[in-house]
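First chain A sits with chain B, and in the next complex the same chain sits with chain C.
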Partner chain A sequence: MKISKEKFGQSFDALAAEYKTIAPVSDAAGVVNYEAVESFSEVKQNYLNSKLPPKSFFFPQHEKLLSYVKEGKDVTVKNELKVEKTILFGVRPCDAKAFLLLDTVFKNDMFTDPYYFERRDNTVVIGVACNKIAPTCFCSSMGFSPASSAGADIFLIDLGDSYQVEILTEKGKALAAVFPELVELTVEDQTLVDTIKSAQTTSQVDVSTITSKLEKFFDHSYWDTLQEKCIGCNSCTFSCPTCHCFDISEEVRNNKGSRVRTWDGCMAPLFTLHASGHNPRDKKKSRWRQRMMHKFNYFVHNSGDISCVGCGRCIKSCPVNLDIRQVIDGVNKAELVVN
Partner chain B sequence: MEQNPYLPIKMRLIKNLVETEDRNINTFTLEFLNKQDEENFKYLPGQFAEISAFGHGEAPFGIATSPTEPGILKFSVAKVGCVSNALHLMEEGTMVGVRGPMGNSYPIEDFKGKNVVIIGGGFAFTTLRSLAVYMMDEKHRADYGDITVIYGARNPGLLLYKDELAEWETNPNINLVTTIDKECDGWCQRVGFIPTITEQVAPSSVNSYAVVCGPPVMIKYTLPVLEKLNFPPERIITSLEMRMKCGLGICGRCNIGTEYVCKDGPVFTMAQLKELPSEY
Partner chain C sequence: MNNIINDIRETARQLLADGKVDVVIGYEKGSLPLKATPCFVRSAQEVDRLIWDETCENNLASFVANTPGKKAIIAKGCDSRSLVVLIQENQLLRDDVYIIGVSCPGVVNKRKIEAEIGEILEATIAEGTISVKGMEGSKEYSFADVKDATCQTCRYPNPVIEDIHMGVTIEVSQSTPFADVIEMENKPDSERQAYFNQQMSKCIRCYACRNACPMCYCPECFVDCNSPKWLTGGVNRAENLMFQAGRVLHLAGRCVDCGACARACPQDVDIRAMNRKSAKDVLVMYHHEAGISETIKPALNEFSADDPEAFLVKE
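Let's turn to the complex of A and B:
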């Protein structure tokens, strides 16, 4: 079933009056990022993907967890969790899949992170398939494709002047009423849908054995040279849709303060520095190893999946051209030395 | 644990005691403000909590009290960072925040019917104290065999809980061995490093567990002694430290391989640690 973009735009505008509505927007330089919009006319179409992933709408780069006022020896603490009903439109399959991976982090066998899940539960994700594929995209290697709907509540395929619509979840159904005039696909539409659905990324990398290879790879000399040109800037982790590490710190003025959490990353030497001065990951080598081991081995043990969705943002954002595909390939090709 | 695990409960600092002669370690006694908070804070020896010094931040510290000591929590903390410095300077009566209890505990169920050898060095004696006090409690003492404590510090002034140690000297429920690194006036207990003293005391490994906490170098040289005494790695327990923030296994910094020290630890057996990368 499909809906014309004109009708969809009208529905979108009606929803934007009721929900906080986030969608891809292009700036003057052509850089696309997710921002709050009020009308479908502001929404960028035919974009490859955003520069930064949309994870920030569930896990902001900077957020207040709580605030407090100190009076004498006493203190009053206030929860700062605030949530709005939100629609997140135009999420690419890689980023929608990343939400499913983040879900397994922010809820574990003992704790649920309310800041993440209150937002997650109050947000409808509308995914859009990729009609164009960047040379840095490699989602087809990660077990899905540029037209996978996993992680979306409603999934659209752009057919030019209309969208094919798939309503996938209960949350999606709650919005279904605003798409009243769905019509059947034409034969041409179906051909286009089939083409988009069968598309694969041109760039491919073999991750079929990486998890098991890494089991015995911790002390391998491969890590010694891999990281030499890395400058530890954390661009890879900040632009990664699945990276979730954060810092908690204090912002204080006089007797008032807030506890805030901010994105942090495993490539920063201070990330693991003890107050005593001891640092278990004091070398770039150990930090690079951590990033790769976490994504391709530890995460698989803990959550059952590789924590990389092949979006290619870390490749694009790296100032020294370190390419995660080549690193994976390097691990694949490295010889295991049996002790 | 409250529903929002990032929100601390308020507790009152009722005692800020200088614990060691070098004035580097203080013991903070915190008082629960109400029964409900105390009931929600059900903990076991070996667990830790995140303490907020409002205006300075939050940091994780092992709980030094035993759950058999109601109404309060104690933490013995070295002055090393921003939060610990603020706590050291804090006036009694001030409100602090507490999140927890966090992490796993010493395997007190597995210890039942067994002898337990507790080996501690320096200020890593806080959760070991919790364990000893718990097992010595009249409700629990019959569950365990011999309890041996081997505890050492550089000099007598650096031993924690000196009054309590003096009481344990004559307590038939526990076999206490204290040691200092170098001889000094007025010290009539043992002299020597923990590994040497452990070898001298030679606790039997038959039907026994060993719990070892201390500086890495102490652990490094004590483990071979325990191996020689035939303690298998499954029955040697230790507790690890890591830089932590959330304490919930989410923020990503305290992992050793697949394990988050805050959630899956801090207590591990040597058998478990052998399976993990040596990155701690």
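Let's turn to the complex of A and C:
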């Protein structure tokens, strides 16, 4: 079933009056990122993907968790969580899949992170399939494809003047109630849908054995040289849709303060520096090993899936072109020395 | 430019075969079109990995101090200036590094090309022409049109310190140095403020700029210091400006304007604008340019009673 873009745009504008609406927007230099919009006309069409991932709408780079004021012996604590009903439009399959992975981080059988989940639960994710595939995309190797709907509440396929619509969840169904009646796909539409659904990324990696190989790879000499050119910045982790490490600190002045949560990243030595001065990951070698082990081994043990969605952002943003596809390949090719 | 690579490889081969160095720090072909990547060559058999062309954009001087052993480095003009500052600041012993100096015609601004023809699928460079196939179309560029902004204002394309030289010396033709800075200075305050507001709001504080900079070698950067705490973890325009401006001040009289910071920035923040202003002020007021000679005292290490103080008291 499909809806014309004109009618979809009218529904979008009506919803934007009621919901906080986030969508891909292009700046003057042509860089696309997710921003708040009021009308469908502001939404960038035919974009590849956003420069920065949309994870920040559930997990902001810097957020105030609570604030406090001490007066005499009294302390007043204020919860700073503010949540609005939100629509996140135009999320690509890699980033929607990343939300499913992040969900497993922020909720387990004992705890649920209210800051992440209050936002997540109050957001409807409208995914859009990729009509164009970048040379750095490798989602097809990660168990899904440029037209996978996993993680979206409503999933669209761009057919030019219209969208094919799939409603996937109750949240999606509730939102889609405002859409006018959907119409049947034409034969040409169906052909286009089939083409988009069967598309694969040109870039591929083999992750079929990496998790088990890494089990015995901790002390491998591969880590010694792999990271030599890394400069230890966090452009990879900050541009990654699944990286989720953070730091919690107190920002206090006189009798007032707040507790804040800020993105952190395993590529910087400060990440693991202890107050004593000891640093258990004091070398780039141990930090790069952690990045790979976490994504391709530890995360699989904890959540049952590899924590990389093949979006290719880290490849594009790395100042020294340390390409994760080559690192995966390097692990695959390295010989295991059996003691 | 490409005949130079044979000389570079031969030199590297000799140095490694003779045991004069343990490692040659150079460039090899990257995984993306128009992108070279730093490489560390440790045996004579591996020297054919080395490349030299307009994609060799990283400043390798930032790797020198942290690479153990005797090393050779492939240095462009700007990289060699960084080495001079590092030697002057006792971060590097001259005898520990063999400098393979290369006259550099500049590096390519990949982003400019991508803004026009989308993500690059294939590219070839030959005789000053860059032919590119992008996702949105194909185009041939003259290298001069897509040269990195830093290289367009470069005053030292030839290494200022080296053990061996590669390539033909490049003449510098530049009528008005710092024309870009003067243009910025002449803008009304409000316009300048708007420009920097917009630039600073793009920063994500990944610190790629700082880490790509050979001069940013502090074991603990002021932004990471928590006692005193100079910055909150806040990522916003004001805090980002505080970081970037703090970095500019720490680089005053030291920045060699290699542009590695701006090229490293994943968000394309115009980091050079403020550093260039500082470089111009140091040149105009103290007649000093960072890293152009081992024997000239760094600006911050020299006091003269004639130093201008117009910014302190009316003169």
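Throughout what follows, the second predicted complex is superposed on the first by the 337 of 339 C-alpha atoms of A that agree within 3 Å, B and C clash if a C-alpha of one lies under 4 Å from a C-alpha of the other, contacts with A are read in each partner's own complex, and residues count from 1 in each chain.
What we mean here is this: a residue touches a chain if its C-beta (ideal position, glycine included) is under 8 Å from a C-beta of that chain, and two chains touch if they have at least 3 such contacts.
This one's a predicted model, so the numbers in the text were calculated from it and none came from an experiment.
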item: A:L81 touches, of chain B and chain C: first, second, both or neither?; value: first
item: Contacts of A:K2 with chain B and chain C, given as first, second, both or neither; value: neither
item: Contacts of A:R120 with chain B and chain C, given as first, second, both or neither; value: neither
item: Which of chain B and chain C A:R291 touches, first, second, both or neither; value: neither
item: Partner chain in contact with A:K213 - chain B first, chain C second, else both or neither; value: neither
item: Touching partner for A:S249 - first (chain B), second (chain C), both, neither; value: both
item: Touching partner for A:F106 - first (chain B), second (chain C), both, neither; value: first
item: First (chain B), second (chain C), both or neither touched by A:L48; value: second
item: Chain B versus chain C as contact partner of A:C233, first or second or both or neither; value: second
item: Where chain A meets both chain C and chain B, residue numbers; value: 247, 249
item: Residues of chain B defined as touching chain A within the complex; value: 1, 3-8, 10, 52, 54-59, 80-82, 84, 91, 93-95, 97, 241-243, 245-246, 248-258, 263, 277, 279-280
item: Residues on chain A engaged by chain B in the complex (per definition of touch); value: 65-66, 68, 70, 73-75, 77, 79, 81, 105-106, 108, 110-115, 218, 244-250, 252, 255, 257, 259, 261, 264, 266, 271-276, 280-281, 286, 290, 293-294, 297-298, 301-302
item: Sites on chain C touched by chain A in the complex; value: 30-32, 35-40, 58, 62-63, 67, 115, 118-121, 135, 204, 206-208, 210-212, 224, 232-236, 263-268
item: Chain A residues within the chain C interface of the complex; value: 29-31, 48, 51-52, 61-62, 132, 134-136, 225, 228-229, 231-235, 237-239, 247, 249, 251, 260, 262, 265, 268, 270, 315-317, 319-323, 325-326
